[in-house]
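Every chain is named by a letter (A, B, C and D) in the order it is written, and numbering of its residues begins at 1.
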Amino acid sequence: MKFDDAAAAIAAAGRRMDTLGWVPATAGNLSVREGSGRIAITRSGCHKGALSPSGVMRVDAEGASLEPGARPSYETLLHCGIYRRFPDAGAVVHGHSVANTVLSRRAGAEIRLAGYELLKAFPGGPTHETEVAVPVLDNDQDIPRLQRALDALWDRTPEAPPGYLIRGHGVYVWGADMPQAMARLEALEFMLLCHLEEGRTAR
Amino acid sequence: MKFDDAAAAIAAAGRRMDTLGWVPATAGNLSVREGSGRIAITRSGCHKGALSPSGVMRVDAEGASLEPGARPSYETLLHCGIYRRFPDAGAVVHGHSVANTVLSRRAGAEIRLAGYELLKAFPGGPTHETEVAVPVLDNDQDIPRLQRALDALWDRTPEAPPGYLIRGHGVYVWGADMPQAMARLEALEFMLLCHLEEGRTAR
Amino acid sequence: MKFDDAAAAIAAAGRRMDTLGWVPATAGNLSVREGSGRIAITRSGCHKGALSPSGVMRVDAEGASLEPGARPSYETLLHCGIYRRFPDAGAVVHGHSVANTVLSRRAGAEIRLAGYELLKAFPGGPTHETEVAVPVLDNDQDIPRLQRALDALWDRTPEAPPGYLIRGHGVYVWGADMPQAMARLEALEFMLLCHLEEGRTAR
Amino acid sequence: MKFDDAAAAIAAAGRRMDTLGWVPATAGNLSVREGSGRIAITRSGCHKGALSPSGVMRVDAEGASLEPGARPSYETLLHCGIYRRFPDAGAVVHGHSVANTVLSRRAGAEIRLAGYELLKAFPGGPTHETEVAVPVLDNDQDIPRLQRALDALWDRTPEAPPGYLIRGHGVYVWGADMPQAMARLEALEFMLLCHLEEGRTAR
């Protein structure tokens, strides 16, 4: 994929995430793997509500900037960690919703989702009769250490879905390309909102 | 109705459903009966947020594709089942809202709505003094079997309103044309949201 | 005020009410008093999401259509009742929100609002130290009888604010012109949403 | 900063606040410090949904109008109080959200936020391991007296974050410029929404 196309896809998806309320302040970041060890990713500290291709830059597979003087998103290494582990991953999105923030703060090591038709948005042929366990990790300002915790998790649970939550921080979801990553994010956020609602209601 | 007009009406209604948050990921599907045994329906797997007429195709009354190589929405047979049963039905919409998902997961075989002015959106002259029972069916990945359950339900309850819920899956609503189908959907979703809120509140 | 200006103001306000989720299906209606016994009001059964001046027509002070063959909104007599009673009223808006529907269904004869800075949107100089009692009437499909109940209420409580709720049905608010009517509606809906939230929360 | 640029930044931020539901009716106000003792601020009583630069005027550092006959926002003195106290403040935003209204009505003298990644939007290097105490003041129609209470608060707690709530009234947030003020506002409102949700949920 060419950088211009990647940057355009990232910008459109970022604006949609803003419309949906999932990237408050300058939160959230998005990337697309261009191939040849290059990743297009949002710059550090930019608001996604008016995101344009100029808010996207290039890093290498280890997250080092390929644009002199430019700083990529603070959590670039988490994007790199996903691309390194999952050869089929072509796009990664990270957002903060009220649902994923509140549920991850009260959850243990995972959130189990079952009975939803939308589970079909995940790979491996799940249906409403399947249960999917979304991992929840403790937040950590030390991003390399957080990535090591993720690698250990994926070693233990190779069946984990293409997404995880960080406690009080947000969600990461990936797919083969940006439309698939966004569709999975929307499906997950929808089920989390239902899950939150079910915990909220008395009768 | 000509295919082009049907496709335009479907695309506009799909985008509105996306704005209202009722078609997350690639969920939801919409159709219009053209007449002469032809149905215009959304293609499989497309997102409704940027739905255009090119995302709409033709099937026959049994749901078989009339466009070589194109795949209609997975739940096409449920649309056909409505058109077969109800000669006056000219448009069908299917969406996933948080309210219809959560309420259908906790409901029994129906959800009873009473006291709402908006009940007047349903046919047969109901008012706020009438009660309408919206059927809730168990979800089933076997769509022909689900349609048989619906036919059995309609045999038993000919007074059923022009809509039903599938547990954890979503809602189907129909009308004489797309504006009427959408108005009924909006009225139903509004009352479900009120119903959800009433179950949520302590005092 | 000229009819064209009145119709444009009504159309813009109707579309905003749709954006705010207050006119689901074909619910809601809006009017502006033109003077000389003429009222511009939304036609019966039109959706407010794409409301244009062509969705607005003229009636006289008793609500009779001044456009041959055209049918005004079903609740036109409630608009006329407000204009007849309150000489300063120049615009009336009616909407259905989840908050006003749910709260009116559980309320007695009024909802008392106190402690909100936004009470200042009502006339008569209220502040956060004042209490405003918004009347709640039982719904009635007999509109003239409902209007008689309103007139009796206004006889008893001349200090009533420029708005009332109908149980399970919606809210009516008026002002000197459309911007003031809409500002009061937005203030009232905001306080009702806070009121609903306060009843919802455990700690 | 030139007045035209300040007015354009204010208008864009005001329209965004309207989209987010934080400036119902004519609530809310926004300002930018131009320097040389001049402040650009929203006019009194205008709706923010269609705010344009013509809805912005100039006042001096004491809040006196620099435009003959024009009336600045009623709470101009609170903007001036922030600029006087905090030399780095370049923009101030004030809004009414359901979350800040409801939480401030039930809070004591502060709301404590901890465990959120978004705390990093505040100055001084907080992380999810830090706690931030957002001050809550009683509402007061006597604005100079309210400003004296704020000055006393800032004397006692120099570590206070760049924002505060007024009970039942709304939030004030500031930053070096409008993008930073808005990012902090969005971060704070997001955390308040999470806080409200956590108080709402039974299990």
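Keep in mind that, in the parts below, contacts are C-beta pairs under 8 Å (C-beta built on N, C-alpha and C of every residue); 3 or more make two chains touch, one makes a residue touch a chain.
This one's a predicted model, so the numbers in the text were calculated from it and none came from an experiment.
Shared contact partners of chain A and chain B are absent; no chain touches both.
Centroid distances built from C-alpha atoms place C farthest away from chain A.
Of all residue numbers used at the contact between chain B and chain C, under half are used by both chains, marking a mostly different-residue interface. Distance between chain B and chain D, defined via averaged C-alpha coordinates, is recorded as 44 Å. In this assembly, the C-alpha centroid of chain C lies 31 Å from the C-alpha centroid of chain D.
Chain B has residues 200-202 in contact with two or more other chains. Chain contacts in this assembly form a single closed ring in which each chain touches exactly two others.
Under the touch rule stated earlier, the contacting chain pairs are A-B, A-D, B-C, C-D. Residues 24-27, 47, 49, 96, 98, 101-102, 105-106, 139, 141, 166-170, 196, 199-202 of chain D are the ones touching chain C in the complex. Remark: chain C residues 16, 115-118, 121, 127-129, 179, 182-184, 186-187, 189-190, 193-194, 197-198, 200-203 touch chain D in the complex.
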